[in-house]
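Okay, handing you the structure first.
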Amino acid sequence: MKKLYSTPQGLAGWAIVLFIFLVVACAPLLAPFDPTQSSVFFLGPPDSTYWLGTDDLGRDTFSRLLYGGRSSLVVGVGASVIALLLGLPIGLAAGYMGGHADLIARQIIDLFVALPGLVLGLIIAAVMGPTLLNLMLVLGLVNWPRVARLARGQAFAIRESVFVEAAHAAGAGTAWIIYAHIWPNLRRIIAAQFALTVAYSIFTSASLSFLGLGIPPPTPDWGAMVRIGFDYLAINPMMSLAPSAAVALTVFGFYLIGTNIE
Amino acid sequence: MPLIAVRDLDVVFHTGASSVNSVRGISFTIGKSEVLALVGESGSGKSTTGLTLLGLHPPAKASVKGAIRIRCKDGSDLDVIGASERRMRRLRGNDIAMIFQEPMSSLNPVHRIGYQIVEALRTHRSMPRSKAWARALELLTWLGVPSPEKCLVSHPHQLSGGMRQRVMIAMALSGEPALLIADEPTTALDVTIQAQIVDMLKALQRQTHMAMLFVSHDLGLVSQVASRVLVMYAGQIVEEGPLPDVFVRPRMPYTRALMRSRAELGAGRRKIQPIPGNVPNLARLPSGCTFHPRCPHSVSGLCDTDPPVLERADEGWFVRCHRWREIDAGEA
Amino acid sequence: MTTSPLLQVQHLRKYFYITKGLFSRVAGQVHAIEDVSFDIAPREVLGLAGESGSGKTTIGRAVLRLVEATSGQVLFDGKNVLDFDARTLRDFRRSAQIIFQDPYASIDPTMTVADVVAEPLRVQSLARGSELVDRVEKLLADVSLSADFMRRRPAELSGGQRQRVVIARALAVEPRFIVADEPVSALDVSIQAQIIRLLEDLEEQRGFSMLFISHDLAIMEYLSDRIAVVYLGRLMEIGPSTQVVSRPRHPYTEALISAVPDTTNERKRIILKGEVPSPVAPPSGCVFRTRCPYALPACSQEVPAMREVLPGHWKACLRDDVP
């Protein structure tokens, strides 16, 4: 029975991530204000009305935090999933089969690594429009090489190990070896990388928002909130701190899950 | 006046939560030109003893008690336990040198062999580089290294295992020590190379009258090199005596069991008898005699309650066993 | 030989190619195995003795086709293993197994003991479900491990226990032939004795043949019926164990045996000069001649063929008068 968590930390990770997802999904129920509703009380400190204060346009930071999570999480997790779906099989195949397949795979990986993510994002946004889906795709394409390299390295190393030779000696074929030996030894690293990719994607989408593509304002997203809040760090730190903390917590949750999967 | 006199040496390792009493009150001496063997399995404390003689355990990790008195080359007497690090540095290489199982761990892969030997030489004695280089060449030739000039300009990874071991011995000898401690020096080598190295060590010992402490698990090997043996088990000396007598007619049940569990060439159809059970966990030693759970001669009420002491069985022969007399008589 | 041999290795060769440069130009070849031939009868244990670089490990791997031989034949029940297609090869692996040297590297750290022992049975589709569990339990009992080892991980086991698991795994498919590649070299001395006895008892009970590869001649003499001595990829001598050990007919065997330390200090010691030559450029004629105390000029001219000097006892040496 595969366990989704093997330690209390793993369980905590799941708790964190599920909590965040739940809260963010229930944003319409939990948010006291409309996140795009501006007011005259701008840059206000946290008080009984505005729990986390207000931003530069008088909008409630707390509400924006709740709603912002939606787009950020969708992009972050979505991009990571795309990176995983692309990177894992390619990396595995390259690492395990070696030879020509590996050579070709490596060139493709290097090509994608050389592509500047932001530039690519800008181009796609300009050509196809700055939607959530496009953002996810771009970030997925930017991140899959990292996953592929990890998978490839591990597959390569495991392939050479004596216990794989033992499996060969028992008559095992490629499918069994990947299932029984390579994947179990790969799981943790890939899962940890997944968590990191979520973080990276959320912050990169913020940069993209800043440049005009990504989630267009006034729709809140955590990355953009952090960015905009920089300018007001001295006056109203909560604008940046709240979304940063939210991203950090999310990533931490994924990280705990990833590194504690059986 | 022996070269080294060890009395009641006790070493405790502190590893996080627990403490392990690795060496438990051992005493022995090594004479000026004597070759003493220290045998035992893993966990017996033999390697720890060797390292402790050189003060190589960081005080934060190990508490060392007892006395290790060394008669130094300059005539002074030194107790290793409690000596300052500075004093120990003068000792190492000069009075006592050590060679290990894996020569690569003592050799710097980046530097050439010649450089390393020269550095070792100049650490112990100030001499100009050219003289040190000549001496290095001399040492390698004397140790039977083929094409020593080529060896001097090579890097460690370019040499074979046997050559690297010879280089390590050359470096150990550079300070002309009075005692050489060899900790499993040939375990990683092929049998024929091992024979070469052992032969060389014997010739060396004959010429320089250097004392040697040969630490090993290979009983056959130590029989060829040493004149006396200490058998260690769970941190104590359980038998001490002359070679090859101790191995031909061992008195301590552990030594006997050890001999019976080995395959020897030409032994005919004698079935080897493995020692039942496992080496005891040093953190949880059995009561009484530490060997009693595995001993075929163990007697309840005696062996499991009273720890035996080292008794004199013969001239220069000591046994740590309650029943050695009966066992000996049973044989005769 | 009255019964037909189980395994016949004939003129086995394995060269590894060294490539250099941008276009993988072949710069040299390592003569790992050079014209090796031997037979193993059913229920027989053949010891393969040699030092590092002798090629003994490669021979073990090549016989099981874990490494592809360059040329030669390996006949198992009269059929050439080296010609098998994928399916026949898979079936062959049910009859021939291997025990590796390093008990730490040969077990997947992410698997439980039960998984490790069950793997060959699952791969070969020999058992499922509760029958699988039963068989694993029995195999563990055969190597003196209780059933509560099944759920443990390799990291929780000692070296000796791990090696028992490795042996249980090799026995799972009930092979008729096992290659044991230095099965006790990585273990503590007292554990070695336990594993040697285990192998001895299992061999007697189950009647498989074994190719026992080791550098330890004493253990080899103990376990083997016959001993083959390898040097630089070539067979030097092969014959009944006690005979090879007590009266070796080849100079290398003589030196090898004299080098084994013994506690009684009785044997004459022959110290070979020099080191093993590189397998990339083996000496002409007899490969041992560069270190042989009895070498003659003729030894560099021709490669000595294996000659039967006594019934069942062969040597590859030009001289008859030595050792």
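Read from first to last, the chains carry the letters A, B and C; within each, the first residue is number 1.
Criterion: a contact is a pair of C-beta atoms (placed from the backbone, for glycine too) under 8 Å apart; a residue touches a chain by one contact, two chains touch by 3 or more.
The structure presented is a predicted model; accordingly, all values stated were derived computationally and were not measured.
*Asks:* Busiest chain-chain interface by contact pairs, anyone?
*Replies:* B-C
*Asks:* Taking the mean of all protein CA atoms as the centre, name the chain whose own CA mean is closest to it.
*Replies:* Of the chains present, the most centrally placed is C.
*Asks:* Compared with subunit A, which chain's mean CA position is the farthest off?
*Replies:* Relative to subunit A, the chain with the farthest C-alpha centre is B.
*Asks:* In whole angstrom, what separates the CA-based centres of subunit A and subunit C?
*Replies:* Computed value for the inter-centroid distance: 51 Å.
*Asks:* Just how far, in Å, is the C-alpha centre of subunit B from the one of subunit A?
*Replies:* Inter-chain centre distance comes to 57 Å.
*Asks:* Indicate the whole-number Å distance between the mean C-alpha point of subunit B and the mean C-alpha point of subunit C.
*Replies:* 32
*Asks:* Got the subunit B residues that touch at least 2 other chains?
*Replies:* As it turns out, subunit B has no residue touching two or more other chains.
*Asks:* In their shared complex, at which residues does subunit A touch subunit C?
*Replies:* Where subunit A meets subunit C, its residues are 161-163, 165-172, 176, 180-181, 184-185.
*Asks:* Which residues of subunit C touch subunit B in the complex?
*Replies:* 51-52, 158, 188-190, 193-194, 196-197, 215-219, 221-222, 242, 245-246, 255-265, 269, 271-272, 274-276
*Asks:* Which stretch or stretches of subunit B touch subunit C in the complex?
*Replies:* My answer: residues 41-42, 146, 160-163, 190-196, 198-199, 217-221, 223-224, 244, 247-248, 258-259, 261-268, 271-275, 278-279.
*Asks:* List the residues on subunit C that touch subunit A in their complex, please.
*Replies:* Against subunit A, the touching part of subunit C is residues 64, 66, 89-91, 93-94, 97-98, 100, 102, 105-111, 115, 119-120, 123-124, 166, 169, 173.
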